[in-house]
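Here it is, the structure, as C-alpha cells.
For clarity, chains are labelled A, B, C, D, E, F, G, H, I, J, K and L in written order, and residue numbers in each chain start from 1.
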Amino acid sequence: MVEKIVELTGTSTSSIEDAVELAISRASVTIDGIREATVEQATAQIEKGKICGWKVTVKVRFAIQDQVHE
Amino acid sequence: MVEKIVELTGTSTSSIEDAVELAISRASVTIDGIREATVEQATAQIEKGKICGWKVTVKVRFAIQDQVHE
Amino acid sequence: MVEKIVELTGTSTSSIEDAVELAISRASVTIDGIREATVEQATAQIEKGKICGWKVTVKVRFAIQDQVHE
Amino acid sequence: MVEKIVELTGTSTSSIEDAVELAISRASVTIDGIREATVEQATAQIEKGKICGWKVTVKVRFAIQDQVHE
Amino acid sequence: MVEKIVELTGTSTSSIEDAVELAISRASVTIDGIREATVEQATAQIEKGKICGWKVTVKVRFAIQDQVHE
Amino acid sequence: MVEKIVELTGTSTSSIEDAVELAISRASVTIDGIREATVEQATAQIEKGKICGWKVTVKVRFAIQDQVHE
Amino acid sequence: MVEKIVELTGTSTSSIEDAVELAISRASVTIDGIREATVEQATAQIEKGKICGWKVTVKVRFAIQDQVHE
Amino acid sequence: MVEKIVELTGTSTSSIEDAVELAISRASVTIDGIREATVEQATAQIEKGKICGWKVTVKVRFAIQDQVHE
Amino acid sequence: MVEKIVELTGTSTSSIEDAVELAISRASVTIDGIREATVEQATAQIEKGKICGWKVTVKVRFAIQDQVHE
Amino acid sequence: MVEKIVELTGTSTSSIEDAVELAISRASVTIDGIREATVEQATAQIEKGKICGWKVTVKVRFAIQDQVHE
Amino acid sequence: MVEKIVELTGTSTSSIEDAVELAISRASVTIDGIREATVEQATAQIEKGKICGWKVTVKVRFAIQDQVHE
Amino acid sequence: MVEKIVELTGTSTSSIEDAVELAISRASVTIDGIREATVEQATAQIEKGKICGWKVTVKVRFAIQDQVHE
C-alpha cells in the first residue's frame, strides 16, 4: 500500500481542533481515504489584543486510490 | 532530587487536552509524583472526512520515589 | 515595515487556547499592533494525576511603532 | 528547470530498500522523470515480537513536465 | 480558507532570488493564488571553481480554489 | 488506549534490519503488544576498514497492558 | 561583556540582503552596538506569479550598554 | 547485545558536571551497567540574580541484564 | 502569570557556569524575577592553542512585573 | 584521546549497507583507525521508475594518529 | 564514487552569493572536483547601523581524487 | 578571509571544559589560527555508577593559512 502526505493550512475562529477539522472537511471533498492529520504549527491571529482566529498547518496522510497525482 | 521522563501516547474523541488528560490519569495509577506533560505531537484521526479522535504523544516528567526502574 | 518577535509564556486552568489568550491580553496592555502568536510548546501541569493547568510558550509578532526597544 | 518534491509512504515485508522501491514503482505509473527518493523515516511493523513489515516515508523529487499540479 | 503548501526547486545562473522567481513563474502557469515562497535550501552549483548556477528549494503556499488535488 | 514509547539499541553483524529485529525480539520476552519500532540512528561499526556490525537506536511503541511502569 | 539577541523581520521589494539592511537601519535608531544579524528565514511575497517583495526574519545581536531592558 | 536509553534530570548547587553525577549515582542504585549519560539540556536556577543550582536533563544508556522493563 | 524569555550572551575566562553567572548578574540589575537560564550554546574562545574564555548563549526566563516591554 | 569526524558520501547499486561499506573501504586506504560511520542521509537514485543505486551520506569517526590535518 | 563534504566560511562586502563565490574560489586552488556548496548560515556584519559585510557558512561537496585526507 | 570548520572529539577525566581544552591543544600542534570551538555534545562516561570521564564533540573554526586541505 502506498500513501501520500500533503501539507495544508486551515483557519477557524474557535479552536486549534476546529481549524484542523475545517482543513480536513475541505480536502475530503476531492480526496478519499484520509487517515490522519498531524499538527505542524498552530498560530493565533490577533486583533486589538484578542485572538480572532486560529491558523494551523497540518500534514495530511491518505491512501492512494488509482494514481499518484504529481 | 532526581526525576524521570517517559514518553506516552493518549487518545480521546474530543480534544488535544482531553487526550493528554487520559494518558496522565492512566499513568497516575502506578506512578506518583507526576509534575508535567509536554505535548510532543498531536494527530487527528480521520474517518470519512471527519475527525474521529485525537492522538497525542507526551513527555511525562515525575519525581523518583524509591528507585529508578530500568 | 519592521516587526519584532518576542517569546512569552502564559498559563490557564482550562485549555491551550486560553493560555495563549492570557499571554496576549497581558502583553497588549503595553504593546500595540500584535498580529500573531505561534505556539512553541504546550505543557500540562499535573497535580495528583489531574491536569491543573496549561502552560504555553508563544512567539508573539508585532509591528514596531516608534522605536525598537532593546 | 523546475522540480517538484512530494512525500510518499511505501511498505514491504522484506526490507527498507524494498519499501522504497514499491513507493517509487507505484508513483512512476503516473509521474515521469522521478530522479531520487530520500528516506525520511523507516519504521518496522511488529507482530508477536517479529518484524512483519517495513514502512518508509520518502521525499520523491522529479522534473516537472508540462505543468505544476496543485 | 484553506491553503496548500507544495515543495519546488528552481535554478538560475545569477542569484538565489532569481532561482526563486523562476520556480514561482513556472508554477503560476497552472496554480492561481500563490502567496509566498519560503527558501528551505540554497545551493551553489560549481564548475571549475566558479559558481555556474544557484538551485533553491522553496515551500510555496497558495489558496485552494475549487478543489484540493491529491 | 494508552501506549508507551521506549528507546532501545540493537546490534547485528549483517544489516540495519537485522539489528532492529534483534532489539525487538529481545524486548518481546518481557513486553507484550509491541506495535512498531522507528529507526532513530544507524551506525556501522568498523574494524580494519570493514564493517563488522550495525548498531541501531530505535523508538519502540507498545500498548500498555496492566500498568505504566516508571 | 554581555550581549542581547532580538528577533526582527524586515521587508524589501528588491532582495534578501536589502530586507536585512532595512531591519537593521530601523533598529539602529534606538539600539547602539549592533554587531551582526543572522538570517533565520527568507520568504518571497508573491502577487500574480511575480515576486513583489522579500520578507526576512533575522536574529540581531548587540552589546548591552547601560542596562538590559526587559 | 541490547541497551536501553532512559531520560533523567538531576540537580546540584555547584556545577553541570555535578548535577549529572547526582542523577547517575541515584540511578545506579537500581540499574546496573550504565555506560554513558549525554547532556540534553542544562539550566541554571536563579534566585535574586544568583545561580542557586543547576538542573540537567540527561539521556542515560545501559546494557540490559535480564529483561527489558516496560 | 505571564513570563518573558530573552536571549543573552555572557563571557568568562574560567568556565561555562561562570559565563552564565555573569550574564545573569548583569541582567539582574534591571530585571527582577529571573527564574532560570537555559544554555543554548557554549563556545570556547581560543588563542595560541589555549582556551582564553568561554562564551555562552542563554535563554533567560522571568516573571513580568508591571508591563511587557516591547 | 582525540578523534576527528569527517563527512563522506558513498554509492552502491545494491543497498544502503553496501554504499556505506564502499565509502569506508575507500577512506580506509589513507585513514587508519576508523571506528564507526553513522548514516546521516540515504537516497535512492531512480531511473525509469526503478532504483538504480543508493547514495548515502555518513559521518565517519576515527582516532587521530600523528597529527590533525586541517 | 566517493565524495567528501567540508564546512567553510567566506566573507564579502557585497552579497550572500559573493561570499559563497569567495569561499569556493579560495578552496578550488587546492581542491579539484568541487560540485556544490549549500548555504548553512548567512550573517550580516554590522557597523554603525549599516551592513559592512556578509559572512556565510557553506557545506562544500567534492569528488575524491586520489585519497581521502584525514 | 576564508575559514574551515572541523569536528573533533576530546576526553578528560575532570570536566567538560577540560575535554574541550585537550581537543584544542592536540589540534593546535598542526593547525594554526584556531579561533573557537563550539560544544556540540557532552557525554559522561560511567563506570560502576561513577563518572570516570567526559567526552565532548566540538566544532573547531580556524582561518585558512596557505591552502584548504581536502
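Just so we're on the same page, a residue touches a chain if its C-beta (ideal position, glycine included) is under 8 Å from a C-beta of that chain, and two chains touch if they have at least 3 such contacts.
From a predicted model like this one, the values you see are computed outputs, not experimental measurements.
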Exercise for the section: Give me the chains shared as neighbours by chain A and chain K. Expected result: E
Practice task
Examine where the copies chain D and chain E touch and state whether the two sides share over half of their residue numbers (same) or under half (different).
Solution key: different
Handout entry: Label of the chain whose CA centroid is most distant from the centroid of chain E
Key = H
Fill in the blank from the handout: Between the Cα centroids of chain A and chain C the separation in whole angstrom comes to 23
Completion exercise
Note: chain J sits from chain A at a C-alpha centroid distance in Å of 39
Completion exercise
Residue numbers in chain H touching two or more further chains are 4, 6, 15-16, 27, 29, 64, 68-69
Fill in the blank from the handout: Every touching pair of chains is listed here as A-B, A-C, A-D, A-E, B-C, B-F, B-H, C-G, C-I, D-E, D-F, D-J, E-G, E-K, F-H, F-J, G-I, G-K, H-I, H-L, I-L, J-K, J-L, K-L
Fill in the blank from the handout: chain A partner, complex, touching residues on chain D are 4, 6-11, 22-23, 26-27, 29-31, 57, 62, 64, 68-69
Fill in the blank from the handout: Within their complex, chain G touches chain K through residues 15-17, 20-21, 24-25, 27-29, 34-39, 58
Completion exercise
Touching chain H in the complex, chain B uses residues 1-6, 59, 61, 64, 67-70
Completion exercise
Within the complex, chain G is touched by chain K residues 15-16, 41-46, 48-51, 54-55
